[in-house]
Every structure is written in structure tokens, then in C-alpha cells.
Amino acid sequence: MNTFGRYFRCTMFGESHGPALGVVVDGCPPQIPFDTEHLKPLMERRRPGKNPLSTPRQEQDEVEILSGIFEGKTTGMPVAMITRNRDAQSSAYDTLRDTARPGHADLSYYQKYGCRDHRGGGRSSGRETVSRVMAGALAMQVLATRGIHIESSICEIGGESAPDRFEETILRAKEEHDSVGGILEVTATGCPPGLGAPAAGKLDAEIAHAMLSIGAVKGVEFGSGFAAARMRGSVHNDAITSAGYSSNNAGGILGGISTGAPVIVRIAVKPTPSIAQPQQTVSMDLRDAMVTVEGRHDPCIVPRIGVVAESMLALVLVDALCEQDVVLSFRSR
Amino acid sequence: MNTFGRYFRCTMFGESHGPALGVVVDGCPPQIPFDTEHLKPLMERRRPGKNPLSTPRQEQDEVEILSGIFEGKTTGMPVAMITRNRDAQSSAYDTLRDTARPGHADLSYYQKYGCRDHRGGGRSSGRETVSRVMAGALAMQVLATRGIHIESSICEIGGESAPDRFEETILRAKEEHDSVGGILEVTATGCPPGLGAPAAGKLDAEIAHAMLSIGAVKGVEFGSGFAAARMRGSVHNDAITSAGYSSNNAGGILGGISTGAPVIVRIAVKPTPSIAQPQQTVSMDLRDAMVTVEGRHDPCIVPRIGVVAESMLALVLVDALCEQDVVLSFRSR
Amino acid sequence: MNTFGRYFRCTMFGESHGPALGVVVDGCPPQIPFDTEHLKPLMERRRPGKNPLSTPRQEQDEVEILSGIFEGKTTGMPVAMITRNRDAQSSAYDTLRDTARPGHADLSYYQKYGCRDHRGGGRSSGRETVSRVMAGALAMQVLATRGIHIESSICEIGGESAPDRFEETILRAKEEHDSVGGILEVTATGCPPGLGAPAAGKLDAEIAHAMLSIGAVKGVEFGSGFAAARMRGSVHNDAITSAGYSSNNAGGILGGISTGAPVIVRIAVKPTPSIAQPQQTVSMDLRDAMVTVEGRHDPCIVPRIGVVAESMLALVLVDALCEQDVVLSFRSR
Amino acid sequence: MNTFGRYFRCTMFGESHGPALGVVVDGCPPQIPFDTEHLKPLMERRRPGKNPLSTPRQEQDEVEILSGIFEGKTTGMPVAMITRNRDAQSSAYDTLRDTARPGHADLSYYQKYGCRDHRGGGRSSGRETVSRVMAGALAMQVLATRGIHIESSICEIGGESAPDRFEETILRAKEEHDSVGGILEVTATGCPPGLGAPAAGKLDAEIAHAMLSIGAVKGVEFGSGFAAARMRGSVHNDAITSAGYSSNNAGGILGGISTGAPVIVRIAVKPTPSIAQPQQTVSMDLRDAMVTVEGRHDPCIVPRIGVVAESMLALVLVDALCEQDVVLSFRSR
């Protein structure tokens, strides 16, 4: 399953070392201004190779829009976008053809499909997030028409919560042929009340799905999140006044429906599994082996994953806006 | 949206004080043994009124199967089940008709739909989990045919992690007209490798959606979860040997696909928002007000939510089994 | 698959001789007036046993609404409705337990599922249209809020197109232990332009799906339909003027999108396959056999199927209205 | 909505004069042999400009596969394919920017979306069927692994049913600046019994949706189709023997489930609406106007539409095979 959303449906495709990555956004409303200029700043934030903290793979990541835009605006038809893979060095993966990298999908994927594109992780590569950022750029343009804005910040890297220690923590891990993870917070402001619905359409459920669909994310929480499990009800309940909510332990969502307060979600990102140390593993036919993952890998993907998480939140919010619009269109008559 | 699943599709309905709660399970495989006897032990675990720790509402919760079963087995057709509401005391909610309870969906729901069934929270009541347990009972019968077993345990209540303190913690909160939350762990054993798929079909993403769709759940994590964000890659990666995985930091899922190790998920449950203390709130037209939520409410729903979380995990796993079966049916030719 | 629609999602269930037939309508807009009084006239039109032309099975068909209605209006939550089976005479079907009736789904169903509820055709009975009429009644209430009206008429029965010959044609077939089919036309007036979308969402494609999902329907055509295949373009094209379309060969739909002219669809209904004559057939294990289908069967279901076809058209139109509302909500800003 | 199928999901995109047309096939089983060689013969059959009977637009229609194929086989991941538009002459459409062509979606589309890509009909162009043939080629490879074969034949063109009159009929219409339609029959042989399901998943309902989603198709019928409406039940019922069905009035489908007999469907194709005669019409703001549609248009698209209809049938059958595989995987245990 490679489609996100029920109204604003984003179908993604592409492998790390295949010809291209792409997305088709079906259900995008018409008359939304959109062109490749809206894509550049977001794609740049995701792009590796910018500094010593990330993989030196030089992904130029030029987006081509194949459909759905006419004279600078969406037409209501599917918007297809692709980014070609240009700097892929597939031969570096030859030694991994038959070997499962620990912490990766290599073995579980092979056991399911009986085959795999081993080059750079194939579809299970972090590079597939290019598709998410392309879709997210369009979603953010839609959100802009409603005054909704999304941003993210890093809460922790490698257990450090002081931003001035982040770079140092990452570089130390890199020197030691190791990697670190971290925690990100993503916030949407300007959301009207009413996004989401009870049961399967809960806004937090949809966001959780979107966030956990990002590789390396191992947990998600809203508002006070896991800390809520240790609060009393009298403390956790956000008092409501005619001026709005007095606090936001709920993270902007009650009963699966947005309250109008900022939507606040945090995600736990695991340390990059590709490390230049020998690790115990198996071959595809389950014989014991050792592997050292050489190549161009980020010692920490947390800084680059922010724009991906923002994009995923944007997709969910546009979907929820569309669902809400149907309800409102009947109410207003 | 009230349907869970793409293959094993569970459409749920019903309000806390309406005639009945129900679920239609469409896409259930044929020839699965199922009758009301399979439902009883699970429904009993969810049922309130059993002891001083939970609401005294006496829900008999007898399930009636309306379709899809013939001579004790599923036929492949939709299985519809209903549970009638019998002990509903709607008049207790008259004073809440125009008042939003903090921590509940009352206001956000009303702002969306412009109306609401205020009796007991309507569809946004915890009572709707009856539908989930009914569907879960059927899902567990399907899982049993494949040797998959689900169970849950309480990790924490009100910040206490020693099981012998759980009851005391809840009773103290109750005496103080307050409530507590907690953390639950749900585990599936016997899962084959290969459940789930890259991108939108990731098994952990689907489970996260299912868990966050339960009211009161504010966070979810897999394997080492949020703690993974503080580990090094060399520590977090689970070494693989010909005998299996040496550890299970991944929680049984890599790249969104089950590894064959136990699937381990933890959820954070917020404290019950209904407390018998005066709280600051607003009326539906946003005028300041005070509310004290009287009535029959659990001071802690963690003990009763275990079977609901197990049920939701079961729904996701059956859905993933069906998806996997399509892949395997082509591989095996 | 037992769900119709993507926005206004109707999930149906039930067997001819099971406890009940039902439907859950998820995605119904809030604040639509609806109660059992809206159901009665439509259910009455579908009901058999009214005169010598139809089966004497006395289906009282009282509808119970289980959820989603509060104080006489929809709330935005799923509307579940059931009709219990009361006059089922299952023993009449004992002889058919192992025998396939020609023209029915008996054998194809059994070959798929490896089992079946043989009583009255189980889920493959015409009685399942009760669910469609229940859902259709709600859909028509939604359409009424937009000024859309649906009606149907009989074009032909048994090859006769003069209405005064219809009854005679049916009675003659009945006397000869045989059955007849016919052609129905269903029309929706008041549809705004803009319902439907290019490609998979074409309004005529969705209507065709809905109509062919009714048992016994073997063909569907729009506007001039099959006759269009014999027209020249200069004749078939409907001229457009500032006052509207000069003709309606298109049947109110161009490029899959409604034009504002009446939507006109015709369906071909095959003769009832249950006939009281000996027919050559097989047992479930494919041994040759003879069968004479005794019991209470309509010699012609065309008169009763009109309200079912109207209901199915109503479901599609509400779904299209919701889709259209999302587009319009963005255009109007 | 631009996605066909629930298991084998084909999401299509592209405009007649945009950069490219494409399709993403998600849910394709792994290990199916597929490369551009499998595409060529089908694309060639759809291609215009081959002879005086069709538009001289020279579409080279080279397909590029962007993902999902590794070493000549599918991997289970989405297969994305694109065909670039090369011979588009957009300026020829400048005069149609503000004018609705009768028989086309121009006005209904504009009234819905408030904008449109007027060049060559945009997304509502017959050229979008390129996407369908690309997806169909892959579907036919899947069907080949199960021994299912699809073919089509022309039953009528312009009312003529003698094949030796087809070319003459088309050329005469062309000379008279007019166009003709026709009737096509598409047949699938080798289908196992059991494809499709009762209610919304009926195989004939899904096929009807697929066929009516093709532009210019105005009707669809199965087996004896509309003629069934004039038959007696004793004639229409296909007798069953231990050797199979004695006739095939059902068109290979009973109760929405395939019987094992050939699946037979016929479609009515309207005459090409683009004709080089003056026609009465309106501008986008509904002022009266005249239009003569110059340019490169087929006087009859029936010969080229056969491969499109075969492709659509193939998509539906693969989807049904996947659904059936889930059922069988549980039965076989």
C-alpha cells in the first residue's frame, strides 16, 4: 500500500537506485497556485550532502511536474511529480546483494516478497521520502489557503536536549563509526476546530499512521503524550474558557477532533541502522554472516527528517480539511 | 470514518445511549468457527461494574450475531453483530446538554457537526469500544487458525509500575474525586515474517493508527520506542543470527514488515477526563461556565482498555495476513 | 465487498433467512431529517406479497434504526438500520442444500467459498435489496435538501412495451411455470452540473457499477445508449444553447460529469431464474441432477426492482454531491 | 478519482497536451516478468496515425518504466510508467479556449472546476487511455500466469455488422465531415470460477464500472444482455451439466461471481463528437456560439478502443484474482 489519504490521495513510488522517485496527488482541489519554485526550499531541507553531518550523496533532486498544473495552478486533476535519481552508486551495494543489514528491512522484505532490489535498500530506503516532500509541498500550498502553518523543531539528539550540543553529538558518533537518533516536535498552527472525526477517522490516529510510516520512527505522542499517563485528570484536563483553552495537554485534539489549539506531535527517531562497524547478521538463506555497512550514510537523520514529518502532517491535515468541508457544505445550507 | 482495515473491514456504529452498538466485519474469510461463546470472555473483560475500580454501570452486553454465520462458521459474507444498550441512564446527562466537559470531545464535536447526541458522549463515548471487542473476537478466531496469539499487560498506573500498587493508586484517586492513567503493553506472538509493507502499509503505522483511534490513548511506541531515540545504532540494531534475532529493540517490525519476532507495542492512556470536581469550561455557544461531572465513571480505564487494545491489534494483524496472502499466492506458483 | 460509495459509504449485510438484513451508512452529513416514516413508502414499494404478480412471502419489513439519529435528525455519525426476517420458511430449501439452481449464484458461490447458506440463496438473494432501499431512503432525504428527485418507469416487460399488457404478460408466464424480464428507466432531475469526475470517478461509471450490482441486471445504458452506436456524430451530439441542451442523447452526463440535464439510465432485467419447471443442473460436487424450483417466487421482478434501482442511483448521486462539495469549498474562497 | 481497483490499484494521470501520461500500479504481485517489450504490441494497437481511418497525430508513445521492476521482474512495489507527449500541437486548440465542443466534457468540466486545460481536452481526452493500456499490459502479464486470455472483436460500426463494410462506413462518414460509433465485444477465457463476490463486489458491476469509465462508452451488457429482458426464464437460464454450462446467456457470471465459462461483455461506443461541421454551442460563460472542430480526429474510434477495453477488463480480473486468493488461502488450510 503506497497511498496516503482518502480525499487528498498521495500515491508514491520509486526505489533508491531506480530511475526516479515520484508521487501522484489525486483529489487535489483546483486553483491552488503551485510550481517547482514552491518545491525548492522544502526539497533543499531534505537534501543530503550539505555538510559533514549528513551523507555526501549529492542528490540534486530536481522535481519535474508531469500533470495536473495549468498556467501555474492546479486543475483538480492528479498532480504527478518525479525526481530522477542521478548520483546513485549501485555498485557499492553489490556486497549487500545477499546480506541483510541489521536494523533494515532487508530480511523481512525478502522473506515477504521472495526477491528484492538490494541497491540502496530499494523502496525501503530513506530516499523514498523525496516523494513525501514533493506531496507535502503541494499540501502546504493548500493549507496556506486556509491559514494553516506547519513547523518542526528538534527536541533531542542522542539524548542531548541542548541545541548547542547537537552537532557535537552527531560528529562524535560519526567518528566512532556509530549513529544517534532523537526526538522531533511538529506543530500545526491555524487549524480550525473540527478536523478529524470519531473512531477510525480520528485526527491523531491519522497523524500517528502518517508519522510511523516514516522509516526510523519508533514512537509518536500528542500533547503531553506519555507523560499524560502519569498525570491526574485534574491536571491533564485543559480548562476551557471563552477565550480558548488554558493549556494544551491534549495537543490540540480531543476525541480525535481538532480543538483549534495548535496540533502538537512528537516522534521518536531511532539511530541510523547503517553503521561502519562489523555486525552479526545472516544471508538471505539464513546462514550466519558478518556485515560492515560502508558507503554514504547519515550518522543522524534527525535534522533531515523534520521536513518529512512536516510534509506528512500536511498531508493528513489537507485530507481532514476536505472531509470537514463535506460536513460544512451541508451544515451551511 | 468508521471503518478499520482494507481487507478485513470493520465498520462500527452506535452511541452510548442509542439503541445499540455494532460492527459489520466485511472481508472475513469463510469457514472460521465463530459464535457468541467466542465473544463472552472478551466482552466480560471489557465490561464495567465488576468491582469498585470501575463504573457501576451494569452493561450486560449480550451480543447478537445478525449475519454471516451459518452452522457455526463464517461464510465469507459480512458478519454483523450488535449489543443493545440496556442500563443507559440518559437523564443523568441532561445538565450536560449545553456544557462541554473538559478533556472530552463535546466541544470539538459540536463545533464540527453543529449538533450532538449529548447523552453519555454519544458516539465519542468509551462505550463504543464494545464494537471493537466484538470485531476483535472474530479477528482473534482468524488469528488462531494461523497460530498467532495476542496478550496485554499493564506497565504503569498513575506513574506506579509495581502491580501491587495499582489498585491502591486507583482507589486513592477515586477518593480524591480525581483519576489516573497508565501505560499498557500489547504483544503478538506467532506472527510470521512478512506482515506489512513499505510506505503507507507499514505494519507499525497501521497499528499506531488502530491504537490512537482508541479514546484516551495519547501515545504509542514500538520495541524500545522513545528510548531508541537515546540509543546508539550499535546498541539499538538487533543482531541477526541463523537462530533468529538476538534482541528485539525493533518490536518485531523492520521497515514496516514483521520480522517473526514478537510484535511489541506500548500505549499511553491519559487519566479519565470525567472527574467529580468543579472544572472551568464553556457552554456550546462559548460562554464561561463551571462543570462537575457526576455519574458513573471509571477513575482509571487502564485495566479495561487492555482487551480493546488487543482487539485493535488483532484487526490490524488479520488485515495484514490477508494482504500477505495475496503476495504469497503469486509467489507459490 | 459490501460497501458502496467513498464519501457516503453504505455497508450492507444479511442473508435471506438469517436473523436480519441491514446497512450502515457512514459519512452521512449531519442535520438531515430522517426517521422510519421516511422509510415506509419505499419499503412498501419493494415489499412482495401485495398482489398475484409477486411472491406471496409476507415480509413485514419493519425497519429499526440503531444509531446515528438524534431527535429526528442525522448527527454525522453512522446510521445503522436493520430489518428482521420474519416469514422465512427455510425448510422449503432443504432439497436445495446440495443442488445448484440454474441462473442463480449457487454453484459459483460454493465454488468460491467452499460453503454456503443455501436457505433462500443466502446473501445472494433478492431479499438483500432491503438493505439498498433502507440506504436509498436516507440518500433521498439528502438529495431532497438539494432539490434532486429520482423516479423510475417500466419501458418493457417480456418484450411488451405497452403498459396495459404488462400484467397480462406476467400472469401468462406464471401460468406456464415460467418467468419474464424487462427494461426499466431511472431518471434523476434537478442534478447540478459538476457531479462526477474524469477517469475512475465518472458518474456514469459509478452508476453502472451500482446498477449491475443489483441481482438480475444484465445491462445498463445512458441516454441514447446502445442506439448511439448507430448514430452519426452530427445527430448524437447534443447542441448547447444559452438556454441549455437542445436534446439529451448524452443522458445528462458528458465526460463522466453531469451536465445539468436529467440523468437518464436504463437497465435490462433478466427473467427470474427460479421457475417451477424441471431443469438440468448439477449437485455441489458436480454430478448431473434435475431441479424444479418450488416455493414463493416472483414470475417477474421488474415492478419491484424500480425502487431498488432508484435507491442505487440515489446512493451514487449523494456520493458525487459530497465529492463535488470538496471541490466547490475550495473554489468559493 | 483516478484509481482503479482495490488490490491491484492503478492510479492514472496526465493530460493530452501536458508533459506526460502515466500510471502507478500499486499492489502488483512480485516476480511477474515485465518490461517495455510487453508493452509495445498493445501500445501499437492503441496508437493513432497508422492509416487513413484514424487521426494523423503521430504519437510515438514510448513507455518508460520508473519503478517497481528489478532484473526484468516486478518486485511487489509500485510499478510507475510514463509516456511523454511529443507531437502535441496545442496552438490548434487556441480557438477552443473559451468554447465548449458539443459531445465533449468541456462545459461540464469547467462548470465543476472553474478552470480547465483546454488543450486537446486536457485530462478528458481520449489520449488518457494510454495510461490504461500501460496498466493493462502489466495486468495481462499477471493474467498470463493463471492462464487467462482476453480478446476483443468489433460487432458493429455505424450500424453495419459485416466486417467488410467497416472501412467503407468509416471513410464515408469522414468524407461527410461526420463520425460513427459501434459495438465491441470483449471476452476473457480461462477465468476460474469464483472471481467476484455478492453485492458491491460483483464481477459484472466492477467490469461495468471499468468499461463506462472509458470515454465514449454509453452502454454495457453481459452475455445476452438487453436481449435477456425479452427472454423467458426457461430460455435464459443456462443448463448446467457435469461437463459444464450448456449455454452462456449469463456471460460467464452468475450472482456477480464467475462461473468458469467465458466472460463476455459488449460495449456501445458513441460516434466521435469532434466533427468538422458547424455546431451550435456556448462559450464558457454561456453565451451562444458556433464551433467547427478542426484538427486531427478519428472519424471512428471503435477500432482503436478494443485494446483499451481489453486492458480495463484485465485490470478488473487481476483485482478479482487477488480478492479470490485471500479467500482461497484460508480455505486451503
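Going in written order, the chains are labelled A, B, C and D, and every chain counts its residues from 1.
The rule is simple: a contact is a pair of C-beta atoms (placed from the backbone, for glycine too) under 8 Å apart; a residue touches a chain by one contact, two chains touch by 3 or more.
Since this is a predicted model, take the numbers as computed values, not measurements.
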(request) Have a look at where chain A meets chain B and say same if over half of the interface residue numbers show up on both copies, different if under half do. (result) same
(request) Could you tell me which pair, A-C or A-D, is linked by more C-beta pairs in contact? (result) A-D
(message) Nearest whole angstrom, what separates the Cα centre of chain A from the Cα centre of chain D?
(response) 36
(message) Taking the mean of the C-alpha atoms as each chain's centre, how many Å separate chain A from chain B?
(response) 25
(request) Express in whole angstrom the distance between the two chain centres, defined as the mean CA positions of chain A and chain C. (result) 44
(message) Quick check on chain B: which residues sit in contact with 2+ other chains?
(response) 1-3, 6, 12, 27, 30-31, 76-77, 112-114, 123, 197-198, 327, 331
(request) Show which residues of chain D lie in contact with chain A when the two form their complex. (result) 1-3, 9, 11-15, 18-22, 24, 26-27, 30-31, 64-68, 70, 73, 75-80, 82, 112-117, 122-123
(message) For the complex, give me every residue of chain D touching chain B.
(response) 6-7, 27, 29-32, 76-77, 142, 145-146, 197-198, 322, 325-331, 333
(request) Going by the contact rule at the top, pick out the chain D residues touching chain C in the complex. (result) 1-4, 6, 12, 100, 102-109, 111-114, 123-124, 128, 156, 158-159, 173, 178-183, 193-194, 197-202, 204-213, 215, 218-226, 228-242, 246, 250-251, 253-260, 268-275, 277, 279-282, 286-288, 323-324, 327, 331
